[in-house]
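So, here's a batch of structures to check.
Here subunit A shows up in two complexes: once beside subunit B, once beside subunit C.
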Partner chain A sequence: MTRKILILFSSLAALMTCVSCVGQRQINELAIVTAVGIENGQKPGTIRLSAQIIRPSDARGQTGAPSGGTGQPIYSALAEGQTIFDAIRNLGRFVSRRVYWAHNFLIVMQEDYARNGIEDMVDFFTRNHELRMNTRVAVTSDSPAEVISTITGLEVVPGQAVDNLFQDNEIVGQAPSSDMMNLEEAYLSRSSEPILARLTLVSRGISNKKPQEHGSLKQVELAGAAVFKEGRMVGWLSPEETRGLLFFTERLESGIEVVGCPNSGNKLSLEFRDARLKVKPSYRNERPEFRIELRAKADVVESGCGTNIAKIRPDIERALEERLKGEIEALLRKAQREYHSDVLKLADVFRNKFPAEWRKIGDRWSSAFSEARVDVAVKANVKSVVLKSEESSQ
Partner chain B sequence: MTKLRISNGMFISMIVNMIFVKSIGVTQGTLARIAGQDMWLATLLGTLQGMLFMYVAYLVMKRAPGMNFLAIGEALLGNWLGKIVALVVLTFFIASSGPIMITFVYHLQDYFLPEAPLSLFLVSSLLVGALGCFYGLEVVARLALLGMLFIFLLNVLIIIGSTQEFDIRNLLPVLEQGFPSAAEASLHYDADCAMAIMMAAIVMPFVNNADKHGGKVGMTGLAATGMVTLIWALLEGAVLSAEVTSRYTVSCMKLARNAHIGDFMQRYEMIMIALYSIPVLFEIMICIYGTSVSMSKLFGMRSNRWMIVPACLLIGGFSYRIVGDHFRAMQYLEKVWPYIAVPIAFGLPVVMLGLAVILRGRLRQAG
Partner chain C sequence: MQVDQGNRQLTFEARLSRNSETIDSVLGSSVDVQKREFMLCGKPDHKGICYFLDGMVDSQAIDGILRALVVLGNELNLDPASLRSADAIRTRLMYSASAKLCGDASDGVQGIVSGDTLVLVDGLEEGILVSTRGWKDRGIEEPSSENNVRGPRDGFTESIRSNTAHIRRRIKDPKLRFDSMIVGTRTKTDINIAYIEDLVKEGLVDEVTRRLGDIKIDAILESGYIEELIEDAPLSPFNTVQSTERPDKVAAALLEGRVAIFVDNTPVVLIVPTYFWQFIQAPDDYYDRYWVGSFFRIIRYVAFFISLLLPSVYVMLVSFHHEMIPTSLALTIASGREVVPFPVLLEALLMELAFELMREAGLRMPKPIGQAVSIVGSLIIGQAAVQAGLVSPFMVIVVAITGISSFAIPSYTSSLAIRLFRFPILIASGLFGLLGFATMFFALLLHALSIRSFGEPYLAPASPYRHSEQRDMVFRLPIWMMDKRPQFAQDTQREGDRQMPRPGKGKS
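So, the complex of A and B:
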C-alpha cells in the first residue's frame, strides 16, 4: 500500500514539473522598456505614453551599426489611452513584442501632466510588479518623448544615460535623486511633499562630423527640481535652490561654489565638504519655529585672486557662508511664500520632536509651515588650498 | 506515545518557521494600518503575550507528560466530550489555512506568476505538504532546521539590501497614536503566535524533556521569532515608512522589491522568495498535520496518515474560497482570523489548565 501511495505521489510530483511553463516569457519575445514618457494626450482627459524600447541586436555596447542591425539601439513609440494602462495596452497594437517593465530606468513626466496630478502615475507604477522601485522619476518642460529618445554622446541607451546622470548626481548636487521609492514615500506621507528632478533638453553636444556647429546636438541636462503639493506640481526650483534643498533631503556633503575675490573682480572656486545640517525645531505662541545650522569645511580648488590665500581667508569664508545661506534662504522663500509646500521635510522634524503639538497643527501644516519663522546660520571653514602653499597665488 | 523525538533546537526552529513567513509578509501591513510606525512595538507586545500563553500551554502538558492537548482532553473529559477539544483544534487548523495560503499564494502569484491559476499554487503546496506529513513529524522538524538557515540568510540579504535607505525618522515619534493602538495591533501578531502555540499543543510531547524544559524552549522559540520578525518591522517602518507599508497586502515583498546592493545588484527578490519557500511550506505541512491529527482523533483512528488526504481536501477547499477573492481574503485576515485564532490558542490552554487542576485525579489515572 505504501508503495502505491509513493508511486502516486511521485507521479503527481512529476506532473508538477509540467507547470513550469505557466506564465513563461521568452526573452526574445519581450519589448524591454528602458525609459517611459508621460504627457497629456491630444484629446482632453487622455494620456500620451512614449516608450523607449531597447533593440537588443543593436545595443550590444557599441554605437556603430553591427552587421544585420539598423544602427539604432532603441526604438521609441507613442500611444494614447484614457489611462496609463490603456495607453500601454494600445502600444501593443503596433509593438510586435510584449512590453516588459522590469528594466525600466526612467519615467519622465511632462510639466502640464504633472500639474494636473500624478496620483494615477504613482499608483500604476507601484502596482506594477515588474517595475524596479529605484526607477528614476523626473519632470520636464520639454517633450518627454524627445527627452527619452535623445541619444547622448557616451551611452548607447538614452534611459541608461540618464540613469548614470542620476548615479553621479551627488557630484554636481543640483537635482534631487528622485526615484519611485522616495516618490511614493513622500506622496503618501502626511507631513512632507514630493520633489522630483528636472530634465531639460539643452543644445550642448558637439557633432564630431560638424565641429564648427558646436552646441548643435541636444543633450539631456539634470538640474533643478519640480515641487509638488497635494499630488500636483506647483512649480520649479532653480539648480541653486535645489542645492539648498539637498542639504535637507539628501544630506549633501560636498559641492563646488564660486565666490568673488575680495581684492579683485576675479573668481575663486571652493569645494565645500563634510557639510552637516542641523534642524532645531521649537514651538512658541502656537507656531512652529526652526533654527537651521549648516557647518562645512572647504578647500580652495581654483583661485584667480592673485594674492596670499591666508590673507583673504576670513573674507572667502564669509563669502562662502553667504552663498550657502543665500541658497537655503532662496529655497525657503520659494517653499514658504510661493509654493506653500514643505519639500524640506521640516514637518517630519517637528512631528518627531513635538508629537502633541503636531496633532494640533498637523492638519493645517501647509499654512503653519508658510508662517513658520526660520533662522538660518551657516559656518564655513576654509581648511586647505590643495597641493599648493597659501602664497602660491601671489 | 511514540519513539519519535524532536530536539529542542528543532522545536525552536519549528516555532520560528511557523510564525515568521506570515508575520513579515502580511501581518506587518496590518500592524502599520492600525499602529502606524509603532508596528515594531506591536510586534514586541505580541511576542510577550505569545510567550505567556506558550508557557500556559506548557503548564498543561507538564501535568500529563507524553500527551498532547487532544489526549489530555480525552483524559479529562472522557471519550465523547474529549472530542470537543479535537473539534476545536480541527477548527483552528482549518481556519489557519486561510492566512497561511494567503501568504503563500499572494507572494508568488501577485509578484511572480500573475497568470498562473490559483489551483496550481494550492495543489502544488498541498502535495508537498501532504508528502511531508506522510513522512512524519521528524522529517518536518528537520525541514524546519533547514528553514531556519534560510530565514537567517533571508534576513542577512534584506539587511544588506535595505540599510542604505534606513531612515530612523520614519520610526518616530514613538507611540504617536498611543499605546492602545499598539496594543490593539498586537492582536494580529498574537494570531501569528497562536499558530505556534497550537502547533506546540500537538507536537510538544515529542520534544526531548518537554515536561522539564518545554516551557523554556517554547518561549525561547517565540522570543527568537520576535527578534527575526522585529528586523523586518523596523526595516519596513524605516525604509518604506508606515504609510507605504500600510498600503500593501504583502508588505515584505514591497521591501524586497526596494532592496538593492549598490548599483550592481538591482533586484534579488527572486532569491529571497526561494529562501522563503521552505518556511512557508513548513507552515502548510504543520497545518495539514494538525488537521489530520485532530480529524483522526475525532474519528477514533490511531494513525493520522489516512486523514492526510481528507485534510488536504478540506484545507484546499477552504483556502480556494478565501484566497480566490482578495477582498474576502483581507476581510478574513483582518476581521475574522484573529478572532478565531486568539480565543482558541490563548483560551484553550487556560481552560485546559483549569480542568487539569480541577480534574487532576483523572489526569493521573490516564497517565
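So, the complex of A and C:
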C-alpha cells in the first residue's frame, strides 16, 4: 500500500515537472490583435502585414493604480515577411508582448494583394488554431494599415467598430457580412465564388474642435463588395449591385429605396420589408435557366409628393419594382457578363434541383452560368398609407 | 466494604457509617458535595444522610425530600420501625416524582454526580436515588448559525432532556423512541438515539448503536467527537453526518426515517444517514411557498458551484484560455491586471487567504471588535490593495462573490468543506489550465460518489438516480406532490391521494 502511494506520488511529481505551467501566460502579457491588414510588400513577392494591437489600460477606464497610459487605445505596427506567418513572426521583433490572435475581429486585404490571389491567406487563417472563424474579412482599395488604425468616434477599438458595422449591416443592406466562415465555404465550394465586403476610407467625420472643417476626419465606410473568381479578386460591385446580391446570399428582408414622384420631380422614400426571393431553376437545351421572383411589401416612410398616396400607389409600386429589378439585373450583368463569377450561389440552387444535370455541366459552371438565361420578376405591394389619407392631404 | 479497582464496584451494607465512608472515599472532599443528615420521622434512632451536589440540584426538590422523610412520617403517625426496607420508604413516605432504589454504591455515586440525590438510611442495604436534577440552563434561543425567516424560532440548548422534549412536542407519536446510551469513561455523557420505530430504515438503529457502543474514549465534550468516531468516511473532507441546532430539521429527518443522535451538553444534534444535497437545503424551502422555495434552492445550488469553482474558472481563463473570454471582457480584465505584479494564481491564493483570515479573525474576536476587523479588512483588501496595484479589481470581485456564495450555504460545517476543496481545484487549474481543473474536479466528484453515509450513497438521489426523490432535490415541489418518503424508510407513503387543494364548485 505504501509502495503504491509512493509510486503514485512520484509519478505525479514527474508529471508536474513535465507540464507545469507550460502554456501559461497571463492575459496582461498578451498583445491582443483586433484587426489585421494584409498587402503586398515593397519587394515583390513579400507580404506586408499591419496589426492593430490593443493597449488595455487605455482601451478601458483605469480604475486601479495608474499604469502610465499614453491615451491611445491602440498600437498599430507594420511587419514584412516572405509569407503571412513570416511577417507575423517578424512582428515579434518590436512588439514587446506575445502577439495573440484569438480576439481578432477583422482581416482587411489590399485590392492589389487580393487580385494576386488569396489562397495563402485563406489557408493560414483557417489552419492556425488561435484564429477564429467568425473574423470579418474585407477588401479595401485604400491602405489597409490606414484602415485598421483609423479611430472611429464611438468605439475605442477600431476593429470592434468595424465588427459592429458588419453586425448592423442588414439595416443599410449594401455590403455582404463576409467572415472567415463563409469565405472558406465559398472558396472551397466547386460552384460558388467568394464575395467580400468593401471598406473605404471616406472623409465624413466632423471634428469637435474644428467643426468648420466639416467632414475632415477619415472614417471607415462599409459599402460595396469585391468579387472573386478562382481565388483571385476580379472586380468590385457598387453598393446598389450589392443590395441585389444580398437578396440572394443573405435573404435581405428590408431596406430603403427612393423613387421619384409620378406627379412631380420630388422624391418619395419607401421601406420595403418581408422581401422574399425565390429562384426557380430549369434546364432546357443543355442550358440552365433561372426564374427569379422577388415579392416585397413596402411602406411609405417619407413622401414629398404632396398628394394622396392612394392615388399614386400603382405608380409607386411600379417604380419600386423597377428599382429593385434594376438592382438585381445590374448585379446579374456584372456577375454574368463581366466577372463570369457565380457569387449569387445559383449553382447551389441548380444542383439541388438537377443533380444529374449538374454532373454534366458542373465542371464548366462558370461558362454555363455566364450563358444562362435569367428572368427577373419583382412584385411590390405598397401598404400602410394611413398618415396621408384623403382627408388629411386636402 | 469491597472495592473492585477495575469497575470500582461498591456495594451498600446495613450500616450507615460504613456506607457514608464508602461514598466519601469515592467522592473525596470536593467542596460541592453536600451531606445532609436527618432523622427518619424525626426519630433519633433512625439516622439518615442525603448526598447531593451543590449547583446541580434543585434545592426545592431537596426540601421536599427532607420534608417527606422527617416530617411526613410523623404527620402520618408512621413508626420508622415499620419502614424496614428502602422500598417501603420510597413508596409510603416519599412523594418525589422520580425515585428509585439503588443497591449499588457506584450507581449511587453516578447518580450523585449526575445531579440526583442519594438518600441513605441506617440499617438499610439499599439507597434511594431521587431525581433532583436542576441547574441553570441557557434559555431557548434562536440558533445563531442557522437562521431563517419563516418557521419556528426555537433552537436546541445544552440540556439533552429539553432537547428531546422539543422533538416529542413536535411528533406526538407513541412510536417515537429515545434509546439511551452513556459514552465516555470519565464524562459519562448521556446520548440519546431518536427514531420513529415504524419508519426508521431497517437495521439503522442497530448500526448506530453498534458504532456508538464501539467508542472507547474518556470524554465526549461535543457531538463533533461522536461525529468523527462514527462517520463512514473518516479521511474525507466531506462530512457524512448532518449536524443541526434546529428541532424542526431533526423532526423532519426523523419523519423521513432517519436517526438523530442527541448528545448532552451541546445544542448540536447529529442526523444520519445524510445526503450531500441536504446541506444545500434550508427549512425555509418547505415553509415558504414552493415557487419561492424552489427559486431560492436553485440560488443556493448556484452559490454552491460559485463558491467551489468561480476562482478556479477565473484563474484558468485568465492564465490559459484567453480565447474563451469575450473580447470586451478580456480587455477589461487585462486593463485591470496591467499593473499587478503577481501571476493570477498567486493573486487568487493571496486574496483567498486574506478572505479566510478576515473570516477567522472576525469569528474569534470579541463581537464589538469583530466589526472593526471586517471594516478594516474590507477597506484594506477592497480599496487599498487595488489602488496599490497589488491585486486587480476583478480578483476582488471574484473573491467577494465567492465568499458571499459560501455564506449562502445553509450548513456552516459543509460550507467549510467546500472552502477547503476550493484550494486544490484552484491550484490545479492555475498550474494546468482546463486539464487540471477537469482532473481535480472529477477526482473530487469520484471521491464524493465513492463514499456512503450509513449505507446510503452520499450523492443520492442524484447518483444513483432515484426518480421519486427528485421531487425534493433541485426543485422543491408542492407539499401535495411530495407524497413519498426517501426509499430507505420502512413506510414510504406519507400522504393520501389527491392532496392538491380544489375549491368547491358551489357558490360560496
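The rule we apply is simple: the second predicted complex is superposed on the first by the 362 of 394 C-alpha atoms of A that agree within 3 Å, B and C clash if a C-alpha of one lies under 4 Å from a C-alpha of the other, contacts with A are read in each partner's own complex, and residues count from 1 in each chain.
Note that a residue touches a chain if its C-beta (ideal position, glycine included) is under 8 Å from a C-beta of that chain, and two chains touch if they have at least 3 such contacts.
The model shown is predicted, which means the values in this text are computed figures rather than measured ones.
**Q** Kindly classify A:Arg351 by the partners it touches after superposition: subunit B alone (first), subunit C alone (second), both, or neither?
**A** It touches subunit B, and subunit C stays clear.
**Q** Looking at A:Ser189, would you say it contacts subunit B, subunit C, both, or neither? Reply first, second, both or neither.
**A** first
**Q** For A:Phe105, is the partner it touches subunit B (first), subunit C (second), both, or none of the two (neither)?
**A** The second partner, subunit C, only.
**Q** Is A:Arg132 in contact with subunit B, with subunit C, with both, or with neither (first, second, both, neither)?
**A** both
**Q** Looking at the overlay, does A:Met181 come into contact with subunit B only (first), subunit C only (second), both, or neither?
**A** It touches subunit B, and subunit C stays clear.
**Q** Report for A:Ala14: first if it touches subunit B alone, second if subunit C alone, otherwise both or neither.
**A** Neither: A:Ala14 stays clear of subunit B and subunit C.
**Q** Residue by residue on subunit A, keep only those touching subunit B in one complex and subunit C in the other, then list them.
**A** 16, 19, 23, 102, 132
**Q** Help me check something: in the complex, which residues belonging to subunit A touch subunit C?
**A** Contacts found on subunit A: 16, 19-21, 23-28, 30, 32, 34, 54, 56-60, 62-67, 100, 102-103, 105, 130, 132, 157, 160.
**Q** Going by the contact rule at the top, pick out the subunit A residues touching subunit B in the complex.
**A** Where subunit A meets subunit B, its residues are 5, 9, 12-13, 16, 19, 22-23, 102, 129, 132-134, 167, 181, 184-185, 188-190, 345, 348-349, 351-353, 355, 358.
**Q** Can you tell me which positions in subunit B touch subunit A when the two form their complex?
**A** These residues of subunit B touch subunit A: 110-117, 120, 124, 127, 130-131, 134, 165, 169, 172-173, 176, 240-241, 243-244, 247, 254, 257-258, 260, 263, 266-267.
**Q** Would you mind writing out the residues of subunit C in touch with subunit A in their complex?
**A** Listed in rising order, the residues are 318-320, 322-323, 325, 327-328, 330-340, 343-344, 386-389, 392-393, 430-433.
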